[in-house]
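Both complexes below contain chain A, partnered by chain B and then by chain C.
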Partner chain A sequence: MPNYVLNIRRFSPESGEPAHWEKFEVEMEGHRPVLDAILHARNTEDGSIGIRCSCQAAICGSCGVRINGNPALACNTLLRDAVATAKDGATIDIEPMGNMPVIKDLIVDMDAVHWKKVQRVVPWLIPAGEPPEREYVVPHEAMVDVTQTMACIHCGVCVSDCLSMEVDPEFVGPAAHAKAYRFVGDPRDAATETRLRDLAEDPHGLYDCTHCFKCVEVCPKGVSPMNQIMRLRRRATGDFKIKDANNGYRHEKAFVSIIEKWGTLHEAKLLPDSYGEGIFGKLNPEAQKQLIASAPTAVRGVLSGKVPPLKVIHHHKLPDQKKIKDIYKKIHGRDDRIELNLYIVGEDADALAAESAPAEAAATAADGGES
Partner chain B sequence: MTVGIISKIHPVRSHSNAAQGGINAALNPDDSWESHAYDTVKGSDYLGDQDAIAVMCSEAPEEILHLEHLGVTFHRNEEGLLGTRAFGGASAARTYYVADITGQAILHVLYEQMLKYDDKIDRYEEWFTVALAIDENGRCNGAVMRNIRDGVIELFRAKTVILATGGSGQIYKPTTNALVCTADGQAMAYRAGAALMDMEMIQYHPTTLLGNGLLITEGARGEGAHLYNAAGERFMEKYAPNKLELASRDVVSRAEQTEINEGRGFPDGSVHLDVTVVPKKRIHEALREIVMVGRDFAGIDITKDPIPIRPGQHYIMGGIKTDVDGLTDIPGLYAAGEVACVSVHGGNRLGANSLLDTLIFGKRSGHHAAGVAKSMNMPKISAKQVDDVRDEINAIMARSASDGRRVSEIKAELGETMNDKVAVYRDEEGLNSALEVVKRLQEEAKTAYIDDRGTIFNQDVLGAIELGYMLDIAETIVMGAIERKESRGAQFRTDYPERNDEEWLKHIDIKLKDGTPTIEYSPVTITQWQPQERTY
Partner chain C sequence: MKVAYWPGCVSRGFTPELHGSMEKIAPKVGIELLELDRANCCGAGVIAEHNQELADTLNARTFALAQQSGGAMMMNICSTCQGAQSECQERLDASTEYRDLINENLAPEKLSYEKGITNKNFLWLLVEDIGLEKLASLVKRPLDGLRIAPFYGCYIIRPTERLAYREHPERDQYLEQVIDVIGAESVAYTGSHKCCGFPVITMNKETSLTQAGRHLGDAIDAGADALVTPCPLCHLNLDLQQPEAKKFVNRELGIPVLHFPQLIGLALGLEPKELGMGKHVVSTKAVAAKVAAMAVAA
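What follows is the complex of A and B.
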């Protein structure tokens, strides 16, 4: 059986010692999860290793940690996968999640950060008046849609490495925003506009997300918090024309029209255009302030290779402009906005294929259990 | 009046999360609560109390609507009305669900409500209840807690106490139950003198993942999945020609175990659950969690490959004996949920009846307890119990490696023994040897040691306390199984393979009397459904 080396970040506030790393060797099959290895070390070597865990099935949300620097659940990360991302190719580093204070070893204070933010979004259904005698009649798709955010297990994995939260600890954050969508997307909730206005106008709300994608990438339940934030924004701007403190509404409009014109995102134009197109935008004092403030971000973008330096000053149009125009024509021609939701269409192309195969579609109807 | 909710883990981490499949209610106009009740009675192999079952099933529809109104995102049909799926042992499709995260959705919505009423409910999250506070008259007037965050021990006074501490599956290894399901409430009540009932009735779920015992929801079979042995036979045709894979859980588990024992299973000791017969879109929409379980924990794509499964410990039908208002033998003490035994599940629980049990009897307990609390003054209790608990904890922390075995080692031996000897098939010899092991482990636990001597988040010492709970309850499970000399529901005795209504249509109650577990019997309430032979 393979031998795995766990390098666990230890911290005991009572000991007076600073946080340090401690190695444990565990013999275990590679398809077993990291949590099993930690528990093995705890059961056989040192019972004082602190980690929250319960279900061992990625459903209770207890065991969020950082594995080799990346936030994940310990119970659904397999040892063989963990070792593949080890910095030295052998030692699995396990540390507490970020953006939250450490209580002991791998246990962080989620109340102080995550749950406070969840509270912030008024996390309960606010229906209009008294409930009906029977159930609320709501579209099938709407329930499937909000179930994606209902699936959040509040593990804090997305919170751990949220870029915006690192910069602005007051940011409402990915999971709490996803929770907000759970109500905004729920046709039974009557406070949609208030909720959207509240989050759009909060400088730490909807428009405080930098689209770093981290939360989408790390969420173990497919909640895609950033996508929920984007959908909240679309509803805020599209359905309620809410103009916000961070100028997000304008930003989005500018974004759309730049793409329409250029076919790709002209980063250097985006900020000034958010304050009004062309020269007026650039002269707007608020825009100037923000332009200056955003300089480090732009520099960082260039350094990390996200934005090629040439692009900042010189922007090419995408060669096939007609295609872009066609897309826009098609979108503008639609009555309803269409939301893409992975939760509905499934994860692989096969699911789509199955959907279109008539024989199987008939079987779905017969087998669906709607009897 | 105020309410305090105490939970040893954050409430949304509770094990109700794991309930994937759904919750039963006869809400469709063409269904009836009597039909639901009859299925439950039959499922229980006639050991369920029919008055309690009637209460549960008749109140179920209203409860589903209440949850829906609170915001549970129940699945809808094309008309936008609540839709159902089929479940085992049921004569109609009456299981309401949220994809395959039904328990999670309900639990989270109830937690949302708790946040909404933040000003009326005090939440003690990550507080561990160590013992009930019982006064000299034998009334329960509160409980002793340890704040896990800082190790502080406190006595909570209360006019009424409701135990809702869940199941006891960690007594078994493997189990579908979470690490926190350690029989705490059952043991605390039992130690305080309450009767436990139907303890021998341990449910083995037919479809748990071969490697680690994770549950594959019954919803998979509800959606149409098949079971195959190594020869490619759909073997349920032999055991339950009408209901096939959707027979009662005890029936399907025994069928699988028979196939495996008689050499028709796969070499790894499994049979196969084939979900590929379910349309892919439906799998992604309704069995999403199982797709992830297959991918993350078995490395397979369930839309393409069969899943190797076997029966695994899942649920305890027995528990603290209560009436339909949750009242236990101990004045002031209530119990509801998996910790309790009303008894609505009798010898075998139907899938999707447990969440219902927790909700209906949780609500009824709450109403009754509130009524009592309104009419009385806050009772006094002595602080002695705090000292007892503190002493107990200090004593555990003072033990060293030279005194005995590790707590974790004893727990593992307990789990393996129970899964070996007190499982799907049982016999006198095996049960007696299990009882011996449990008694030896009880002795060993007295000197078992831990490593952590700290106060902040000392999970090690809690593990030692939990081990004590589990050993007490394991003893009652084995005793009940030895006592019941017949086969009924989940109890199958190879030495007594028939159901024997004449002698055993009764509950086995176990109580601590002067420190000794003592067996008593109580009658089964039969109202309108006379016992019949049970076929599916």
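What follows is the complex of A and C.
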């Protein structure tokens, strides 16, 4: 049986000792999870190793740790996969999750960070008026829409390595935002606008996510918290025109209309347009301060020779700009926004069939081409 | 090899030295650039945040133009373009019905996107299609003794599934590999695969520039002479905003940030000036001086 070396980060505050690494050797099959190896070391070598766990089946969400620097569920990561990402190719580093205080060894204080933030978004349904006599009747599509966020097991793995939270601990964060969408997307909930407004008006809320995809990458349940944040933004700006505290609404509006007008990004216009009705127009007061603070940036650009001064006032339109405007007109003219959620629809049957039977598919395609 | 070339808006605007250096090195590494001058902005995730169908249509338009161009594949020089375009491509390629709907939006221009375009950042193309061996043979000036800290940009490293890491598992190590092959030394530091903070620069400057400032500081502490990045948006936050970023991390900074094609250019024997290295906000003089002292093979 293969031998695995676990390098576990140890820390107990009451000991007065600083945190340190300790190695344990465990003989075990490679298809067993890292959690089994940690428990084995605890049972046979050192009963004081601290780890939280329960279901051992990626359901309860208690065993989040960092394995070789990346956050994951210990019960959901196989030893052979863990060793494949080991920094020296042999030793599996196991640390507590990040962005949360350590209580002991691999156990972090989920209450202090994760659960507080989840509570922050009012994680229960707020119905309109009295509940119906029997059950609520909800369209099937609406419930399918929120299933992705309902898959969250609150393991905190996304919180551990959220790159905005790393610099701004007050950021509401990935898991709590995903939870917020769970109710924003639920037709039985009556507080949609209030919820969106609340998160948009918090400077550490909806518009403090830096779009780093870290939470999408690490979530063991496919919740894609960042995608939920983008859907929340879409609802906030598109459906309710909420002017948020961070100028996210204006930034989006400015960006989208610059592409409508010019086809490519005109950065010199983006900054002022994000803050008001163009540089010579009226600025909204909260934006004024930020624009003045950003002015040195544009000046620096020109002074370094990066941005020719002419560029600041002149930008070429694409030759077919009219066509792009037509695309905008058509799509903005629709009654509803069209969204394809791959979590729900998956790859289509045609595409899958075509991949498994390429010859046949190619033949069909050729027929289609001739007809 | 001919490629449909999408330089991206930023390389034509705020970082012209990126576009310029790519054009200079392309013939030297055997790439013929067919520039997509009718193509539109990728939306940088912002248009998708506003309306997915719009973002998917605009990028399908670019893909369709690339497929008409006669290039073997499409190439970009911006991590953000790569990420935003890959996201749209994932949806377009997943569903025939959806793709038909988007192609209808393109019909007035007589354009149509056919599933399965290959779209690569220059970093990927250089390693996967030109190859490190070939690159090594082209090096005219081994950058011996230059210590370079890689900075990838989120959009070409996450999410791994969408970005085909299953087929190319080392894509998040290419910068280090290239740095070593051209004779320089790659510097390990904590920020190499983190976020530069650019997406929230207009929305939460403190979050944004604390991120940039920390990575720059970490690279300095690790002894780097310069950072290198394949993303012009990272470049804006790391170079253009660097004088501002130091206020958020309360320390002196002052480390030059090179665009990926500039670094390759230096190794191929081009001069810092030809590569637009004078157009940076943080002076690249110290790097240029080190490079000037290195021998160039005939």
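Assume the second predicted complex is superposed on the first by the 270 of 371 C-alpha atoms of A that agree within 3 Å, B and C clash if a C-alpha of one lies under 4 Å from a C-alpha of the other, contacts with A are read in each partner's own complex, and residues count from 1 in each chain.
Criterion: contacts are C-beta pairs under 8 Å (C-beta built on N, C-alpha and C of every residue); 3 or more make two chains touch, one makes a residue touch a chain.
Model, not experiment: these values are computed from the prediction.
K.L.:
So, A:A90: does it touch chain B (first), chain C (second), both, or neither?
P.N.:
Neither partner.
K.L.:
Could you look at A:D168 and tell me whether it touches chain B, chain C, both or neither (first, second, both, neither)?
P.N.:
So A:D168 only meets chain C here.
K.L.:
In the superposed arrangement, does A:T210 touch chain B (first), chain C (second), both or neither?
P.N.:
Second partner only.
K.L.:
Which of the two partners, first being chain B and second being chain C, lies in contact with A:A19: first, second, both, or neither?
P.N.:
In the superposed model, A:A19 contacts neither chain B nor chain C.
K.L.:
Looking at A:D111, would you say it contacts chain B, chain C, both, or neither? Reply first, second, both or neither.
P.N.:
Touch partner of A:D111: chain B, not chain C.
K.L.:
Which partner does A:D326 contact after superposing on A: first (chain B), second (chain C), both, neither?
P.N.:
After superposition on chain A, A:D326 lies in contact with chain C alone.
K.L.:
Contacts for A:P131 in the overlay, against chain B (first) and chain C (second): which applies, first, second, both or neither?
P.N.:
first
K.L.:
Which chain A residues contact chain B in one complex and chain C in the other?
P.N.:
Shared contact residues on chain A (touching chain B in one complex, chain C in the other): 345-348, 350-351.
K.L.:
Over in the complex, which chain A residues touch chain C? Could you list them?
P.N.:
Those in contact with chain C are residues 163-164, 166-168, 171, 203-204, 207-214, 216-217, 230, 233-234, 237-238, 246-248, 251-252, 255-256, 259, 263-268, 270-271, 274, 290, 293-294, 296-297, 300-301, 304-307, 311, 318-320, 323-324, 326-328, 330-332, 334, 337-340, 342, 345-348, 350-351.
K.L.:
Under the definition above, what is the set of chain A residues touching chain B in their complex?
P.N.:
Counting only chain A, the residues touching chain B are 12-15, 31-33, 42-44, 46-48, 50, 52-62, 76, 78, 103-105, 107, 110-111, 118-119, 123-125, 127, 131, 134-140, 142-144, 146-147, 150-151, 153-154, 183, 186, 188-189, 221, 343-348, 350-351, 353-355, 360-361, 363-364, 367-371.
K.L.:
Sort out for me which residues of chain C touch chain A in the complex.
P.N.:
9-10, 12-17, 37-41, 43-54, 56-58, 61, 83, 90-91, 93-98, 101, 105-106, 108-109, 115, 154-155, 158-160, 194-195, 197, 199-200, 202-208, 210-211, 214, 240-241, 243-244, 278-281
K.L.:
Spell out the part of chain B that touches chain A in their complex, as residue ranges.
P.N.:
It comes out as residues 9-10, 12-15, 17-18, 65, 68-71, 73-86, 92-93, 98-99, 101, 104-105, 108-109, 112-113, 115-116, 125, 149, 178-180, 211-212, 214-215, 222-224, 278-286, 288-289, 291-293, 296-297, 299, 303, 406-409, 412, 450-460, 463.
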